[in-house]
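Look for subunit A in each of the two complexes below; its partner is subunit B in the first and subunit C in the second.
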Partner chain A sequence: MDSKKIVKVPFEKDVVKELRAGDYIYLTGTLYSARDAAHKRLYDSILDKESKGAVLTGGELYEEKVLPLDITGNIFYYLGPTPAKEGQVIGSAGPTTSSRMDKYTPLLLEKGLVGMIGKGKRNKDVIDAIVKNGAVYMAAVGGAGALLSKCIKESRVIAYDDLGTEAIREMKVEDFPVVVVIDSQGNNLYETAVEEYKKSI
Partner chain B sequence: MRTIHTDIIIDTVKDMCISANLYLAKDMEERLRYAAENEDGKLGKQIMNQLIENMEIAAKEEIPICQDTGMAVFFVNVGQDLHIEGMNITDAINEGVRRGYTEGYLRKSVVKDPLIRENTKDNTPAIIHYDIVPGDKLEITIAPKGFGSENMSKVYMLKPSDGVEGVKAAVLEAVKDAGPNACPPMVVGVGLGGDFELAAKLAKKALTREVTSHSPYEHIAKIEEELLEAINKTGIGPGGLGGKTTALAVNIETYATHIAGMPLAVNMCCHVNRHLTKVL
Partner chain C sequence: MGKVQSLINEQKTELKQLLYNYTMTLAIGSLISVVYVLNDMIDLGSPDFMRQFYTIMFAFVIGCFFVETFYVDKNQPKKVALLSTMYVVSFAIAVVIDLLVENLDNLTDKQAYYISMYIAVIYVSLVCVTFYKLVKKNAIEMEKYFARVLFGLLKVWGLFFLLYAAVILILEIFNSLIADIDYWDLLSRIEILLIGFLFFPYSILTISDTREDNSRFTKGLLMYALMPCVLIATGIIYMYIIKIMASGEIPSNQVFRICAELFLLGGPVWLMSGVFLQERAEKKGVSVGIYGKIVNNMAYIYIPCIILEIICIGIRIANYGLTDTRYMAVAAIIFQIIYVAWKPLMKLIKKEEGYEGLILVFLGMFIIGTIAPFVNMQKLSFLSQKARFEKAMEEGNMTVANNVYDYFRFDIYGEEYLKENYTKAELSELKEDIYQEDPSAQSKDFEYVSFYMQTSKQDEGLNIKGYTNMYPFSYISDYEETYTMEDISEMVLEYGKNDSFQCNFDATAMVEKYIEMHQNGEKYSYEMDYDYYELSPNVCVVIMDISFDYNPYSDIIQDIDYSGYILINEEGHNGQ
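Then we have the complex of A and B:
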């Protein structure tokens, strides 16, 4: 097996451009959990603010308290964990299906979000926005919530506490395993991997 | 007449909710291990190994196998000679779910209204299918159902002239559309016959069958085998990243149907196919 490729998150300069669909990498650093309900709130807050005037960057939206975090350069992990027991950092913590976030993702990428971790297909609008904004979509193994929880070393709710499992958490991760599925050039592993496997047999 | 008190039902349901989310049934575990050993896709193999490791960590450290601990779905066979004392049986099952999901640190994934979407915070209400059966026992099967795979399920109102080929084509189409979204390797539950809603219920019930089992009807068992082979030739593989293990099983349940129709439902389940049965 290839040696373990550890990548710091948020990404250092130009790293996102070097990632390629099919890379099996381990993330170390900070991720933010956000799934359906949190996405809807972020999205509605941005649209509501901008309907009243100027177009703002992610940083400006944060400064004006429209968003509860500055999404610029950050990565969302599509996650709603089980509750932590006494002594645990977090409960079971695997990815949820990404396509439900497709409606909200292009706007968030435009505002500076640079990566997403989930599982499953993305639509064309998301893929186009990934290429346009130089972002990346990664998949964690669906249904491996117990295993992935061991890679999360710290977790605290930073916004939307009332959403329970769907709140936004800031999480420190170590060697969190993901596969790059859609890279900044628009290569899509879900399309190529199956074809390549079929050719190999 | 035999009598049982609903306190026993509450305790049993509570324990079942917790167990089903921490430990996979033996048949699922063995099938996963077999698939991991035999997988030959490069990424597929890595993913299968992660799934085995995940299952082991879950059982050892009592962390739910998957964070989507599901909506609690039940199939309850009530013996017609059994008397249930205490509260209403549906209330008792829901109380068991409430306690199991709260005391077991399971995720509360249920919203009260499909549009307003306010979380009920205790994972109730459950979805309960009752059958009245001979005898004086109460048989409870729980199948906590995650929605990543549930969302990829389909109902087809096929025509009689579509025949076996039509059934196979529809199931294959559903599997291909599901692809990586349903967390492959999947278990494919199929309900064939009945009417619109019974086909869907049978498809869900098919998921509670042992993964190594086959339909007692020879012609249906043959379709199960042929479909599994065809699905595993798609190359979708573990995680949708290429490999020979796209499905672990295809289970088909059938029922009589109308001269004009052939309803078909495909209920997708991920590799965390949880099912557990207790008889009281």
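Then we have the complex of A and C:
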């Protein structure tokens, strides 16, 4: 495993290329939460817009108010937090199973999304899109929602507030621990780790 | 020094008088701020108790303000018995209102709506009548009164922010030079105390006693900065009127909003400017001039805008019937007409009532619109839409019927009407007709059902007793893949290495359970428990996370995703 890294998010230039599957990193900066329903809305909005005209970039889609945020260079955390208790920024904030977002992810990566945080495997289409678009998939520890929520210093709903806990939130995080699972070259920790383990025994 | 001393003495006298006039109002205002700060430091009660406390106190403070405005006269001794009775009544009303608000969830939508409206009527009435009384008490025209209040409040805001900035500065210096403290909590508490002990009393003082005339700056700002802006905005609307008259086009939907905003923001400006221009001319012993005449006649200059609003709303009502929003628009137009006609009307009936009478007109219209039987906005809008719906059903115009149906689903009378007059099958049939006409309409009717568990919220772990193996699984449908209830009963779950194992899963009970929970209002529940479905003595499916779109009319499921674990005994693979 590579050494620990503290990484600013959104990623600075070329940082994504340097990340390798297996890197244990701490994110500091801005993340956006989005679960199934939010993904479906973003996806539907893009398809709806593009069925009527030219293909647009993430920035253009935001400028034309098709998307409620400019996803270019940003990272989605697959999260639907529990309600915050008094004095808390956010409730329990553990990741959800990423494969639920697989059907929407390639298009969002094409539109500029550069990173995702969730748990569990991704399908081949997503892995291909990660390589094609130079993105990265990271995993947060499932079941450690209460612990992860402590790394979230600010949180506010920025879109789709009718979705309740599944609304899109902008979150300021500090030293948020994740493991790089699929890097921009397509190395997949879920495969390489198993192989390495096999070799070691 | 003498000037400062006299200013302090003046302030002292004013505050003493304020304290005499509004003893209970100020006491309750301060109490709220102190309790808020204390509760922030030490828990004074459960969140529910504190919420009740604040609701009662906020309602009570409005009641006290009303009572003291009406029943305390600075020139006469207080009638203690009368005041005490009125305080008790106000407090009792506040408690009843809190109890009603707390129990709104236990009522039907219709009951909850009307109770909310009655509460709104009580407090809007208190506020309107109190302001009417204050204008009369101050014995000046309403226009002058509001100008004084408006700019007086701006001064109070300025003072408040200056003090707040000074406190920040002191804390910052202390933090840098003496000791490192996390002063944000302290600052927020000081802010609340400043509101309770400074901002609130001075605001009451400003509202209740407007002896101080407006400064030249205030008057100048109104007459020569804000008023020209209002004239420019009106000019643009005139140009638009000429444009649509020339082209013959229908006024844009936005026209009503623009004109109403102009009236709401511009009306007070031209009223206040008119008074000040008149005052200035009288002082100088000259006429108001062309500018003054224009300002004084703004109510009449505004008439074309009202006509435009009438055309705009009239077209919408003729085409799409009355709705709550359109009812409010009509009420706003009627109010504007009354405003324009007010002065000539008062002359006609030989009554010397200034524009403050409009406060009572507004209150009357508010009561009619919210709670008056047969003519309130909910009832009239429903009757109008009902007529459209029945006509559309008769003529087989499904697009209109569907539009009204969607309106009825969220309307207190409409919901009742549909339940009483149509069966679920009939409504599904109506929807089927719509879907045939416009297949994309189906997507609008999908409801998003989503439940998932948080492992950190579970008291007990996953019960795996009786099984030898546990496999995680995820069922992810393709984008917009649709399922009938029959498809749902024949689902196949894949699990194990490279999904080499399969088991058949009749997911009907699971889907029906979550649809019912969703329909019972348990939307976006986070604390779902482990959900066990025993398929055979050897196989059990445990759901931890589920989401899908559901169409209640066609019973179609779309985009269903769920995940969890399959608990199994070795012999249970594939064959179960």
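The rule is simple: the second predicted complex is superposed on the first by the 197 of 201 C-alpha atoms of A that agree within 3 Å, B and C clash if a C-alpha of one lies under 4 Å from a C-alpha of the other, contacts with A are read in each partner's own complex, and residues count from 1 in each chain.
Keep in mind that, in the parts below, a contact is a pair of C-beta atoms (placed from the backbone, for glycine too) under 8 Å apart; a residue touches a chain by one contact, two chains touch by 3 or more.
Everything quoted here is computed from the prediction, not taken from an experiment.
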So, after the overlay on subunit A, do subunit B and subunit C clash or fit? They clash
Q | Touched partner set for A:146, first subunit B, second subunit C, both or neither | A | both
* **Partner chain(s) touched by A:80 [first = subunit B, second = subunit C, both, neither]** => both
Of the two partners subunit B and subunit C, more of subunit A gets touched by chain B
> Does subunit B (first) or subunit C (second) touch A:56, or do both, or does neither?
Replying inline: neither
**Request:** For A:43, select first, second, both or neither according to whether it touches subunit B, subunit C, the two together, or no partner.
**Result:** second
(request) Name the contact category of A:119: first (subunit B only), second (subunit C only), both, or neither. (result) first
Between subunit B (first) and subunit C (second), which, if any, makes contact with A:15: first, second, both or neither? neither
Quiz item: Should A:104 be classified as contacting the first partner (subunit B), the second (subunit C), both, or neither?
Solution: second
Only one listed stretch of subunit B (76-84, 112-120, 130-138 or 238-246) runs into subunit C, and it is 112-120
Subunit A positions within both the subunit B interface and the subunit C interface are 37, 80, 82-83, 91-92, 94, 96-97, 99, 120, 142-146, 164-165
The answer for subunit C against subunit A in the complex is residues 47, 448, 450, 452, 454-457, 472, 474, 476, 478-479, 523-524, 526-527, 545, 547, 559, 561, 563
In the complex, subunit B touches subunit A at residues 40-41, 43-44, 46-47, 50-51, 53-55, 57-58, 61, 63-69, 105-109, 117, 119, 121, 146, 148, 151, 179-181, 183, 234-237, 239-244, 270-272
In the complex, the residues of subunit A that touch subunit B are 22, 24, 37, 79-85, 88, 91-94, 96-97, 99, 119-121, 139, 141-150, 164-165, 177, 179, 189-190, 193-198, 201
Per the touch rule above, subunit A residues touching subunit C in the complex are 35-37, 40, 43, 80, 82-83, 86, 91-92, 94, 96-97, 99-100, 102-104, 120, 142-146, 163-166
